[in-house]
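What follows is a set of structures to go through.
First chain A sits with chain B, and in the next complex the same chain sits with chain C.
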Partner chain A sequence: MSVKTLEIDGKMLTGVAGETIFSVAWNKGIRIPRLCHIGGISDVGACRLCLVEIEGQKKLQASCLTPVEEGMVVHTDTPKLRAHRRLIVELLFAERNHICSVCVMNGDCELQELATELGIDHVRVRYQFPSLPVDLTHERFGLDHNRCILCTRCIRVCDEVEGAHTWDMLGRGTNSRVISDLGEPWGASDSCTSCGKCVQVCPTGALFAKGKAVGEMRKDRTFLKYIVTAREKKQWIE
Partner chain B sequence: MDRVTKKPRLATAWLGGCSGCHMSFLDLDERLIDLAARVEFCACPLTDLKDFPEADITLVEGAVANEEHLETIHEIRKRTKILISLGDCAVTGNVTAMRNAFGVEDVLNRAYKELATVVVGIPSGNDVVPKLLARVRPVHEVVKVDYYLTGCPPSADAIHACLVDLLEGREPAGEVKRFG
Partner chain C sequence: MPERILIHPMTRIEGHAKISIWVNDAGDVESAQFHVTDFRGFEKICEGRPLHEMPGLMARVCGICPVSHVVASSKAGDALLGVEVPPAAVKQRRIVNHAQVLQSHALSFFHLSSPDLLLGMDATVDKRNIFGVIERDAGFARRGIRLRQFGQKVIELVGGKRIHPGWSVPGGVQTAVTAVVRDEIAAWVPEALESMGIALDRMKSLIDSFREEIEHIGNFPSLFLGTVNDDGALEFYDGRIRISDSEGNTVADGLDPLRYHTYLGEASEEWSFMKFPYYKPLGYPGGKYRVGPLARLNVATSAGTPRADRELREFKHRAKGAVCQSFHYHLARLIEMLHAVERIEELVADPELLSEDVRTKAIPNRREGIGSCEAPRGTLFHHYFVDADGLIRKANLLIATSQNNLAMNQAVEQTAKHFVLPRQLREGMLNRVEAAIRCYDPCLSCSTHALGQMPLIIEIRRRSGELLDRVERG
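Take a look at the complex of A and B:
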């Protein structure tokens, strides 16, 4: 296994060949912002929040998909990146109806946390206020499209960990929507095993357990590490 | 600055919101006494004024939801040096803007016909009840806003810190505790 030495934010770090900049940085406590990445499932680079600057490259790169290379010099927190991240999060807020004050995840939402971290105090782009449905047909869970940021964590965890592939994406651009099976109501899905993994990995309140009031929902993501470790090492440990 | 008392003039206004932000303002408790000594409190939702007065600082609660709000916010902007969006309805539209996903007509039908125990009709376009705008907007989509106090409602501490900073000539630190 070959080792790559690189510089991230002025620190000399090492990673193994094939490892991503994101992974090396987080392992050393450099917390690059992210919404679509979650440890244990594949990366897709959907949210663009983990973009980094690499010296000698004009384009910004999604660190969750860029493997480390020998001698790389990476910057993860520059005024330019901060400005981009702020705008991305503002666009997410403007694209759908994120009414945090009436959301089950208020106070424990990754989108909200990131906005606060980036110092956002208002959204500069025009709110779209789209008319979106809420699917409450499943016995135990609900899907509120108003709160979905299209990170696709639910789709990937269902496919890669549960092996059911109940979720998928319909449409393009702002018309994109997470669907169950072939666009059936969630409650009518034949493939859904009701395991709830999608609900736990969802960064916002888009997927939630029924029966929770505003701010009451807490998500537990530790199961992912257990399952992935069990698969790789045949041991039930975190 | 007030011509008589020589103190900065502070005002608050209430557009499309639940008044919870004003309740949070009242949660300044004993600090209100100090504040009252430092400013000329020239307008609030309870003062009976024909026109919005000239003010140095105005805290605006609520989103712009009807024609009266629209007129008021333009008037406030003209007469205020520093305009602060107070709370999430002013900053994001929040609950007030939840009706934007539906048409005005649907919303009015729901409230005044479908769910009403006594159906009198839909009040719109008369001189008593202002007409709803087609779209509820956060304040900064309508006029320039100088500072934002986020939260549903913003904490009394956040309101206090912002006002004290401004009264002492400092740029408000603007620490956001929670957005959205």
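Take a look at the complex of A and C:
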């Protein structure tokens, strides 16, 4: 396994071949913003928040999908990147109906936390205010499309870890919707095992436990590490 | 040719409003209307939302009286779940509701109305505000501000936040009260009781200098509606609806608040965004009734707490039947504040308050749920319909302020007819018209779901609509 040496934000770091810039950076305490990435499942580069600048390359690259290379010089926090990230988060807020003050995840939401970090105190683009449904047909959980950012964490964890592949994506662009099975109500899904992994990995209040009031939902995302370690090392350790 | 005087925007009220005063060819005031000019539509916003989110969502209806909406919404949620709420949770809701009555009434009396009372209706506009009161009597103003602070502090300590606390949920509340919190609340009580005594004495000593205003600002017969407990005493959380008339006779008693729609109707007029509720048996607009502090004291047999009971007995002696003068809303408000402090003192002394059993969990078991409570401005009803999964299909909010709509319009007209001389218009005349509205302490963002700040406008127009004069503040 060859070792690659590269520079990230002025620090000389090493990673193994095939490891992503994102992984190397986070392992060394350089926190690149992200919403679709979560350790333990595959990456898809959906949110574009982990974009970085690589010297010698014109295009910005999604660090969660870009493997480290020898001699690479990477910048993760530049004015250009901050502007891009801010706009991405503003577009996410404008695309659906994210009202933090009356959301079950208020205070523990990754989107809200990121917006705070980026200093977003207003949104410059026009809100779309789409009319979107809430699915409460499942016995234990709810899906609020108003709060979905289409990160696909739920789809991936259900497919790759639980092996149920209940979730999928319907439509294109802003009309995309996460669906269960072939578009049936969640409660009517034959494939769902009601394990709740999708709920725990969801970064926002789109997936939640039923019966939770405003600001009451808290998620434990560390469970994924245990499962992945158990699968790979046959041990229940972190 | 008739003319119209328009007061727009109105000041020292909560929300957007304007007043039209119609003047006939002879130069006399012919009629007046109180218009609410904005619309928010929370009844529509909450359609499709999970019922467990409703209290937190409804708290956002208002920044002044969010607790009333949280409590009414939680009670509607309790009904939808079909559960019994643990006693400690009920006590928490009661404490916070009393605290809100205290802080909201303090805001109305000290911050918004005391400039008229202490400095006079004709004081100059630059002085007729809370800063003018501070300049005149800093100690009195400080006590008012501290009383409001006490109410807000109790809301924060028990409900988690001063504004929009979402701690109360269908089935109970989120967290138990600790002994530390209880002791901190109890420590405030002596000062609050002392301040209430001072404020009541001051108000009673001022009343004689407002004889003309008492007689002509909203002094008319009407029905009064409020909640009372089994003993007929003041009640803010549970109880039955009692309706009495201006003679002091009980018109209806023991009415179930959950069946409000069988005896209360809602009319609408094209010139206002606020609905016009009425007592159905007497029709519209004959079924005009008043709610809020004056109505509650008129319908209640007693206050149920010693100091407030003494004040209530004295208050009831101000009229032969019911006290019909809208001006006395101010005094009634102070008596309710005193009652709230006494009730808070009682409730924090109850050991059951500290119980950790504060929430009953259940899935929705009913399709229709109604919650009611007494908000600072009157009786509040939240009425929800849900589907089998617990998503709100329809909501109706019957807000206290809107129930005073017919009365406020009559008060405005009566005041304008007596005090406004269109040919010699002075600012103090128009201030009295505004003061008629301030008696009711309307909360227009609640009652119409209206956006915005809180200004008021008065305009004078011809019948043809031509603007002749306009006084604008805000």
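Keep in mind that, in the parts below, the second predicted complex is superposed on the first by the 238 of 238 C-alpha atoms of A that agree within 3 Å, B and C clash if a C-alpha of one lies under 4 Å from a C-alpha of the other, contacts with A are read in each partner's own complex, and residues count from 1 in each chain.
In the analysis below, a contact is a pair of C-beta atoms (placed from the backbone, for glycine too) under 8 Å apart; a residue touches a chain by one contact, two chains touch by 3 or more.
Source: prediction; values computed, not measured.
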{"item": "Partners on chain A (chain B, chain C) - clash or fit", "value": "clash"}
{"item": "Partner chain(s) touched by A:F93 [first = chain B, second = chain C, both, neither]", "value": "first"}
{"item": "Touching partner for A:V102 - first (chain B), second (chain C), both, neither", "value": "both"}
{"item": "Chain B versus chain C as contact partner of A:V134, first or second or both or neither", "value": "second"}
{"item": "Touching partner for A:K210 - first (chain B), second (chain C), both, neither", "value": "second"}
{"item": "Which superposed partner A:L111 touches (first chain B, second chain C, both, neither)", "value": "first"}
{"item": "Chain B versus chain C as contact partner of A:D121, first or second or both or neither", "value": "first"}
{"item": "Touching partner for A:W186 - first (chain B), second (chain C), both, neither", "value": "neither"}
{"item": "Overlapping segment of chain B (options 9-17, 135-143 or 171-179) - the one that collides with chain C in the superposed model", "value": "9-17"}
{"item": "Shared contact residues on chain A - chain B and chain C", "value": "101-102"}
{"item": "Residues of chain A defined as touching chain C within the complex", "value": "101-102, 104, 133-134, 136-137, 142, 144, 187, 210-216"}
{"item": "Complex interface listing, chain A residues touching chain B", "value": "93, 97-102, 107, 109, 111-112, 115-116, 119-123, 126-127, 129-132, 146"}
{"item": "Chain A-facing residues of chain B, complex", "value": "85, 88, 91-95, 97-98, 100-102, 135, 137-138, 140-141, 145, 148, 150, 152, 174, 176-180"}
{"item": "Of all residues in chain C, those that touch chain A in their complex", "value": "48-50, 52-53, 55-57, 59-60, 164, 166, 169-170, 174, 361, 363, 389-391"}
